[in-house]
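Each of the next two complexes has chain A plus one more chain, namely chain B in the first and chain C in the second.
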Partner chain A sequence: MNGMLLLPIVLPFLAGAAALLLGRRAGALGGPLAVVATAINLVVAIVLFRQGGEVTFVAPWATLGMEFSLRAYQFSNFIVLAAAGFGLLVSLYCVKFMCDRKHANQFYCYMLISLALVNGAVLANNLIAMLFFWEGLLGALFGIIAIGRPGAWKTATKAFVIVGISDLCMMLGIALTYHLAGTLTISKINLPLGGLGAVAMILMMIGAISKAGSMPFHSWIPDAALDAPLPFMAILPASLEKLLGIYFLARISLDMFQLSAESWISPLMMIIGAVTILLAVMMALVQKDYKRLLSYHAISQVGYMILGIGTCLPIGIVGGLFHMINHAMYKSCLFLTGGSVEKQAGTTDLAKLGGLARKMPITFGCFIVAAASISGVPPFNGFFSKELVYDAALERGILFYVAALLGSFFTAASFLKLGHAAFLDKGRNENAGVTEAPRSMLIPMVVIAALCVVFGVWNGLPLHNFIQPALAGSHFGQLNAHEIGDYSGMHGSRVLLIMTALSLLGALANHLWGAKVSGSGLGAADHIHHAPSLSWAYDRAAQRQFDPYDLVLKLLAVVSNILWRLDRANDWIYDRFTVGLTMTLSRGVRLAHGGNYAMYVLWAILAAAAVLVFLVKS
Partner chain B sequence: MFALLILVPLAGLILMNLPIGAALKRLAFPLALALTVAQSLLIACPAGVAWLGGGTLDHYFNFSLGIDGLSRVLLLSVGIVVFTTLLVGRAMLVGPRRQFNFVSLMLLAMIGMNGTVMLSDLFSLYVFIEITSVSSFILIALTRGRDSLEGAFKYIILSAVATIMMLASVAVLLMVAGGTSFEVIAAALKNSPHSLIARIGMGAFVCALFIKGGLVPFHGWLPAAYSAAPAPVSIFLAGIATKASGIYALVRLATYVFPQSPAVNNVLMLVGAASIIIGAVAAVSQSDIKRLLAYSSISQVGYIILALGCGSPLAVAGAIFHLFNHAIFKSLLFVSSAAVEQRTGTTDMAQLGGLGSRMPVTSATSAIAALSTAGIPPLAGFWSKLIIIVALWQAGFHAYAVIAIGMSVLTLAYLLVMHRKVFFGNVGEALAQTREASWGLLVPAVVLAAITIGLGVAMPYVVNTFILPISRIL
Partner chain C sequence: MHLQASLQWKPREVRQQTMTNEVLLCLTVFIPTLGALTLPILGGLSTKLRNFIAFGLVAAALIGSLSLLPAVLKGQTVTWQSMQLAGLGISLQADALAVFMAIVSSLVSAIIVAYSSSYVSHYTHQNEYYLMVVLFLGAMMGLVFAANLILLYVFWEITAIASWRLIGFFREKSYVAKADKAFLVTAFGALSMLLGFVVIYAQTGSFDLARIKGTALPDLAVVLIMLGILSKSATLPFHTWLPDAGVAPSPVTALLHAAVLVKIGVYVFARLFIVTFTYGADWHTVFMVLAAVSALVSAGAALIDTDLKRIIAYSTVSQIAFIFLGFAAGNEIGVAGALLYILMHGVAKGGLFLCAGIVEQKTHTKDIRQMGGLVKTMPITAVSFLLCSLSVMGVPPFGGFFSKYMVISGAVQSDHLWLAATFVFGAVLTILYLFRAFNQVFLGTPLGQTPREGSPIMVGSVALLAAMSLLSGLIIQPSAQFAYTAVRQMLGVVAK
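This part shows the complex of A and B:
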C-alpha cells in the first residue's frame, strides 16, 4: 500500500499533462477532466487520511542521502486532504468560469501540476525531494500568472523573482541544515537553535513565509490578483500556498528545530506576523477593487498564522494552524464570490458595482458568511482561531495582542465597506441585467461557506481530528505534552471576548459614520484614507514607493548604471586602447620590414655575431 | 630498412627522369602520392615501424641511421604534408611539364627531409638540409614570375650565409671531436664543456638553423619566400620544409648532441620569444593572406623554440607535439588560402569577403585550423600550447609563460580577423559566382582538419602513446 503515496503526486500531474495536450478543446473538456482528476485525488486523500498511522515510501534516487522518500502521517495527510478538497471545489468552479477563455489548457495544466507539487512537497520526507517539488511550484506559478490578461508576464516575472529569491534562501537553509544535521531525512532532523542553527532556521523560514505570502515577500500578490485568471487566486495564494507555507513553517518550528519561547526567533516571528497583519490590512482598507482588496487580506491573514506559531505556546500554535485552514476556506470562498461578480457583472471595480445583493442572492449569502468569518464574528470559524491567537499573543506581550486586535478591527471595517459597496449600494444601470452565477460556480462557494459555519459551530471537529493531533505528534508537542489542553468550544477569557466584541462594534460604528459622511459604502473608509499623516503614507504606497521589489529594482538600476559605465571603460581598454597599441606596434614592425633586403641580411649577421659573443662570454 | 625512405624516392626520381618514354612520366604523380601515403601509414602504425626497423638492408649502405620517436613524428609530418602538397599542386599548377618538374622536385625534397630527420651525423645532416633547401629554391621559382624569382633569390642569399656558418661549424666541431657523428660530438663536448672553439662551433650551427627555420631576427627571407611561392609550394615550405630542416635539427642538436648549457638555452628562449612577439604583431596588420600566414608561421615556430629552450622534458615533448600540430594546421591554413586563390585569383583580403556561403567546406576547415593555431580547446593546438605553457611555468619562466599566453590571444585576433574578412560578411558582386574549391584541395583539407580534431579529442591516448615516451627518452 505504500506505493499509494505516489498517487496524489502522479495523478494530478498526469491529468495536468493531459490537459495541456487538449489544446483548444480544453475550454470544454479541461474542466471535466480536472474535476474527475481532483475528485479521484480527493478520494485517495480521504483513504490516506482514514488509514491513519505513519506510511512511508522510499525509493533510491541520487547519492549523498538524496533519496526519494515520502512520509504520510497525521499532519501531512491533513494538508493533502485539505488541498484535495480545495482542488476539487476550484476545479468545479472553473468548469464554467474558464470555458470560454484562451489558454484554458495551460491553466488546467498549471493548476493540476501545482496540486501535484504541493502534495509532493507536503509528503516529502527528504529535504532535497521537498525542494524539488517546492521549486517546481515556482514554474507553475509563473505560467499561471503569465497566461492572465495581456501584460501579465510582467507580474509573473515579479512573482518569479520574489519567490525565486526566497526559494534560494530555502535552498541555502536546506544546505546548512544538511551540514548541521548530517541527514536530509526530515523526520530525523531535530536541531538546537544556536548560531548556525538559527541561521538555517531563518533561511528556511524565509522560504516558508514567502510561500505563504507574508510581508515583505508579498508585493506580487496584489498585482497577480488583477492580472492572473481569478481561480488562480483562489487556488494558489489563498489556499494551496498558504497550506504549504504554513505547514512547512510549522514543521521547521515544531519538528526540525527546537524552537522555544526563550529563543530570539520567537519574537522575530511574532513581529513579522504583527507587522504583516497591520500593514496589509491598512492597505486592504483603502482598495477600490474587489480582487485587490481581497488579495491584501490574503497577506494580512498570514500574519495571524505566523504570530500564532511564533508565540511558541501550544494554544498559539493550535490557533495559527486552525487559522490556516479557516483562512484557506473563507478566503477561497471570498475569491470565488469575486469571480462570480467578475463573470456576471464584467468588472471588479467597486466604483462600478453596487446593488448586486438582490441579483446574486446566493453569492451575497456566501460573501456574508465568509466575510463574517474573516472578520472574526462568532460563531464562524475565523472567530475561534483568532481567539486562540489573541490568547497566546496576550500572554507573550500586550503589543502583539493590540496589533492583532487592531488588525481585526480594520478587517471588519474593510469587509463592511466591500459588502456595502459591491452588494448593497444603489445599483448602476449597467448592472441591471446581472443575474446569479451558474450552478457549478455556486456549489463550491456554498460548500465552502457551509464548512465555515461547521468549523465554527462544531470547532471541536477540526481541532480534535486535524490540528491537535498534528501538534501532539510533533517534537514540540511531545516535549510540551503536559501543557497541551483541549482548545475546542468557547475558549478564552471573558475579557478577550469583550475586547473582540468591542472592536467589531467599533468597526461597525466606524463604517456607519464613514458611510454617512461620504454618502456611499465605497467611501466609508475615506476618512481613514485621508487622515493626516496616513494619507501621506497611502499616497506613497499607491506610487509603489514601499514595494520591496520596486525598491530593489531601483537599486539595481543604479548598480547596473555604475556597472555599465565600468563596462564602457572596460570596452575602451579592449576595443580602443589594446587594439590601438597593437596596431601601432604592428605598423612599427611593418616599417622595419621596408623591403631593403640588405638590411635583413645585416640583421641576421649581426644577430649571429651577438649570439656568438654571448656564448663565448658566458 | 628505414633506408628505404631515402632509397625509394631516390630510385623513383632517377627512373622517372630517364629518357625511357612518356608512360612513366604520367605515372609519376600517382606513384609519388602512393609513396607519401605509404610513408604516413607505415610510420603511423607500430607494425609498420617494426617492419621498417627490421631487415638487413641498412647494413649495405653506410648511412648512420638513428630513428627514435622524434624522427618518427617528423617522418609522419613529412608524409602528410607532402601528400597535401602533391594534391594541391596537381590541382593548381598548369601544364604537364611544370607538374612533372614539381613532382620530381617534391621527391627530391622528400629525400632531403627524410634524410635530415633520420641520420645521426652532423655532416650528413648538413648535406640533407642543403638538398631540401636547393629543391625549395627551385620550387619557389617554379612559375618563374618576378615575385617568385625574387622570393627564391632572397632565400638563396640568406641560405648561403647559413651554409657558410654550418660548414664552418662542422669543420670546427670535427676539429674538436675528431668525428662528425652525433655520439662522437656529444661525447667530446661533454668532456670539454668550456672549450671556446667548441662554443663557437655550436653557436654558428644554431644561428645557421635559426636562418633555416626563419626565426626573428633571422627571418628576412621568410615572408617574401612564403608569399611569393606558388600556392602548393607555400604549403610545403610552411608546413614541413623549414621545420624538417631548421627546427628539427635545432631540437635534435639541443637535446641530444649539445650539452645542456644555460647559455644556449637562454639564446633559444630569447629568440623564440622574439619570434613569437614580432611574428604575431607583424601578422596583425597584414593585408595579404599568405603574408599573414607567413608571419603567423614565424610566431608559431617561436613557441617551439621557446619550449625547446626551456629544456625540461615536458617542454621538449610539448615542442615536438607543437611541431607536428604546426605542420598540420599551418598546412591546412595554406590549403585554404590556396583554395581562395584557386577560385578568386587573389589572396588580398581587401578584395575578398563573404566566401563562407560560397565555399562552405573551405571556410569550415579554415576555421578549425585557425582555432587550433590560436589554441582553442579541444583542438590539437590547444594541448600542445597548454603543455608548453605549463612546462614554462613549472620551470619558473613566468614571464615567458605570460608572453606565450598573451600572444596566443593575439594569434586568435589576427586569425579571426582574417577569417572574417575572407569568409564572413556579404559576398560582393565580383565574387558572387565563386564555387567551392576542387576535390584536390578539399580532400587534404578535410583530412588535415580531421587529424586536428581527432588528435585534440583523443589527447589522452596521444599523450600516453607518443608524448610521454618522447619525454621519457630525454
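This part shows the complex of A and C:
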C-alpha cells in the first residue's frame, strides 16, 4: 500500500494535465473536473492521515544519493490534509468565479499541478526529490500569474525571479548539507550548527521563508494580488505556499539542524519575523484596494510564524505552527470574500465600494469572522495562536513582544478600515444593483469561517491532533520531552491578555477617531499615513523605491554592464589588437622587401656575414 | 592488443558479438564521414534525395552509437585497429563516455538536419551545406571514438574546417571575416594542443591513449592542451568567436554552439584530464576559477546584448562553464553532472537556437528590441522557447535541473563553496537573461508585424526538442544511470 503515497501527487497532476487539454471548454468543465479531482485527493489525504504511523515509499532515481523517496508521517500527513481541504474549497469557489474567464484551462492546470507539487514537496523524504517538487512550482507560478490581466507577465517574471533566486540558494544549501551529512535522506539528517552547518541552514531557510512570502522576498505578492486571477491568491500565497514554507522551516529547525535558542540563527529568525510583521502591516494600513491590502497581511502574518519558530521555545514553535494553519484559513477566507466583492461589484477599489453589508450579508459575515481571527480577537483561532507566540516572544525579549503586539494593533486598525470602507460606508450608486454571491462561492467561505470558530473555541482539537504530535518527533521532542506541554485552552498570563485587549481597544479607538476626523471609513488611517516622518517613507514606498527586487535588478544591471565591458575588451584584443599587431609587423617586413636591388644585396651580405660569424665561432 | 589476445579464449558467440561491435564502431565513424562526400554528387541528381540521404547518414551514426550501448553498459570497451602503415593507423575505441557523447551529438544533429531541410531550402550552396554538416558530425564521431592523440587532432581540425565553411555560409564579407576569426582562434588552440601532444610523445614515446594512460603530465603540456580545449569550447578568454559566429544559418549555430562543436573541448577535457592523464592538483582550482569567470562575464554580456542569437550564444559560453565546473571538480557527482549537462544543454540550447531561427526567418531581424508579442501568432515556437529556457535555467521538472544541481554539488564536494556560490549567481543571471529575451520577443507589445508560425517541420523540430527537455527530466533514471556507469568507468571505480 506504500504506493498510495503517490496518489496525492499523481492524481492532481493528471487532472491538471487533463484540464489543459479541455481548451475552451474548461470554462464550463474545468471547475467540476477540479472539484472531483480535489475531492478524491481529500479522501486520499484523510485515509493517509487516519492510517497514521509512518509510511515510506522508495524508488531508484537519479543515482548518487538522489532517490525518489516519500515519507508520510504525522506532520506531513497533516499538511497534505490541510492542503487538500483548501484545494477542494477553492476549486468549488472557482466553478462560478472562473466560468467566463479566458485561459480557464490553464488556470485549472496550474492550480492542480501546484497542489500536486506541494503534496510532493511535503511528502518527499529526499532533499532532491523535495527540491524537484518545490522548485517545480516556479513554472506553475509563472503561468498562473501570467494569464491574469494584460501585462501580468511582468509580475509573473518578478515572482519567478524572486522565488527562483531563493530556490537556487536552497539548492546550494542542499548541496552543502549533502556534503556535510553524507546523505540526502531528510529523516537521517541531524547536523550541528557550527560553521558550515549554519551556512547550510541559512541557505535552506532563505528558500523556506521566501516560499512563505516573508520579507525581503515578498514584493511580488502585492503585485500579483492585482494582476493574477483572485483564486490564485487564496490558494497559493495565502494557504498552500504558507503551509509548505513554514512546514519546511519547521523541518529544518526541528529535525535537520540542531537549532537551539543559544544559536545566533534564533535571534536572526526572530528579527526577520518582527521586521516582516511591522513593515508589511504598515504598508497594509494605507492600501486603498481590497486585494492589495489583504496581500500585505499575507506577508505580515508570516512574521508571526517565523518569530514563533525562531524563539526555539516549544510554546513558540507550537504557536507558530498553529498560526500557520490558522492563517491559511482566515486569509484564504478573506481573499475569497474579496473575490465575491470583485465578482459582484466589479471592482476591488475601496474608493468605489461601500454599503455592501446589506447586499452581501453572508460575505460580510464571513469577512467579520475572518477579520476578527486575523486581528486576534477572542474566541477566534488567530487569538490563541498569537497568544502563544506573544508568550514565547516575551520570554526571548521584550522588543520582540512589543513588535508583535504593535503588529496586532495595526492589523486590527487596517481591518476596521477595510470592513468600514467596503461594507459599511455609504454606497455609491453604481453599487445599487449588487447582489449576494452565488451559493458555490459562499459555501467555501462559510466552511472556512466556521472552521475559524471551531479552531478557536475548541482549540484543543487542532493542537492535540495536528500540531503538538508534529513536534514530538523532533529533537525538541526527544531532548526535552517534559517541556512540550499542552497548550490548548486559555494559555498565557493575565498580563498578556490585558495587553492584547488594550491593543485591540486602542485600535478601535484609533479607528473611530480617524473615521470621525476624515469623515469616512476609508480615510480612517490617513492620520497615520500623513504623520510627519511616516509620510516621507510612505511616499517613497509608493514610488517603489524600497522594493528589494528593483534594487537588486538595478545593482545587477550595473554588474552586468561591467561584465559586458570586460567581454568587449576581450573581444577588442582579437578584432583590433591582434589584427593591428599583425598589420604593423607585416608592414615592417614589407619595408624590407621593397623591390630595391641595393636593399636585397645588403640583406645578402648581412646574411653571409652572419653565417661566417657562426662558422668561425663554432 | 590485449583484447585480441583475450579473444582466443572466448566462446564463439562472445567472439562474434565482439566482432559485430567492432564493425558497428567502424560503421558509426565511417558512414557519415565518407558518406558526406557523396552528398554534393547526389545534390546534382535530386535535392530531395540528397536531403534524405543526409538525414539517413546522421541517423545511421545515431543508430550505430545506440547499438554500442548494450556492450558499454556492461562495462566493456570496444576497440578496433586498422592495419598499421609506417607506425600510423586508425585506432578506435568505444567506452561509456564516448558512446554517451556520440549519442547526444548524433541525436541532436539528426533533429537539426531535419530542420535544415526546410530552413536552407531557399538559399544557394546547399550542396556544400549538407556536405559540411554531415562531415562535421562524422568528424565528431571520429573524435569521440579516436583512440590516439593524432587521430583525435585530425578529426578536431576537420570539425574546424567544416565549421569555418558553415559560419561563412552566407558569403557576406563581414560574415566571412567572422568565420575566419572562429577558424583562426580555434586553429591557434588546436596547434597549441598539438604541441602539447608532442610534449607528451617526448615523454612517453606514444600517442596511443591506452598506452599512455596514467602518465603524469608536465605543466607545460597541461597549459598547451588547455589552450586548445578552451578555444574550442569557447571559454574565456577565447570565447568571443562564438557570439560572432551567430551570423551563420540557425541550424548551424545550433549545431556548432549548442549540440556538438563547443562540447568537443569539454569532451576532450574529460577524455584526457579525467580518464587518461594525471596532473597537479592545483590545476583543478585553476580550471574552476577560469570557468567561474567565464560563466559570469558571458552571463553579464547576455544581459546587455540585443541580438537574439548572440544572447543565446553568450548563454552557451556561460553554460559550458558549468560543464567545466563539474569535470574540474573531478568527483563522481560533479563528473556525472557534467555528462548530464552535455545532454540536457545540447537538447535545450539546440531548441533555443532553432526557435531563434524561426523567429529570425519570419521577422527578418535578430534585434530583440524590434520584436514583441510574437506569442499570439507563433504560439508553438513561443512555448518551445520557454520550455527550453526553463531547462537551461535548471528548473524542475526539466532535465537541466538535475545536471545543474549535480555540478554545483560536485563543486561543494570538492570544498569549493565560494566557487559553487559564484555559479549559483551565474544561474541567477541565466534566469534573468533568458526571461529578458523571452519577454522581449514573445510577450510585450506587438510591434506591427504579425509573422506567421514557421513551417511544420521546423516547428515540429523545436517542439520535439522542448518535449525532450521536459521528458529527460521527468524520466531522469535512464540517462542518470548511464552517466553514472560512465563515471564509474572513467574514474576507475570498477575494474574494467
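Heads up, the rule we're going with is that the second predicted complex is superposed on the first by the 558 of 618 C-alpha atoms of A that agree within 3 Å, B and C clash if a C-alpha of one lies under 4 Å from a C-alpha of the other, contacts with A are read in each partner's own complex, and residues count from 1 in each chain.
Following the convention adopted for this analysis, contacts are C-beta pairs under 8 Å (C-beta built on N, C-alpha and C of every residue); 3 or more make two chains touch, one makes a residue touch a chain.
Just so you know, these numbers come straight off a predicted model, no measurement behind them.
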Taking the superposition as given, does A:A607 touch the first partner, chain B, the second, chain C, both, or neither? first
After the superposition on A, what does A:E135 contact: first (chain B), second (chain C), both or neither? second
Who wins on chain A residues touched, chain B or chain C? C
Just checking: does A:V199 make contact with chain B only, chain C only, both, or neither of them? Give me first, second, both or neither. second
Partner chain(s) touched by A:R587 [first = chain B, second = chain C, both, neither]: first
Just checking: does A:F160 make contact with chain B only, chain C only, both, or neither of them? Give me first, second, both or neither. second
So, A:L563: does it touch chain B (first), chain C (second), both, or neither? second
If I apply the document's touch criterion, which positions on chain A are contacted by chain B in one structure and by chain C in the other? none
Enumerate the contact residues on chain A facing chain C in the complex. 60-66, 128, 131-133, 135-136, 138-139, 153-154, 157, 160-161, 164-165, 168-169, 171-172, 174-176, 178-179, 196, 199, 553, 556-557, 559-564, 566-567, 570-571, 573-575
Looking at the complex, which residues from chain B come into contact with chain A? 154, 157-158, 161, 165, 196, 199-200, 202-204, 206-207, 210-211, 217-221, 223, 262-264, 266-267, 278, 281-285, 410, 413
Name, in rising order, each residue of chain C that touches chain A in their complex. 181, 185, 236-237, 239-241, 296-301, 303-305, 314, 332-333, 336, 390, 393, 395-397, 401-402, 404-406, 408-409, 411-413, 417, 420-421, 424, 427-429, 431-432, 435, 439, 443, 476-477, 480-481, 483-484
Within their complex, chain A touches chain B through residues 582-583, 585-587, 589-590, 593, 597, 599-601, 603-608, 611-612, 614-616, 618
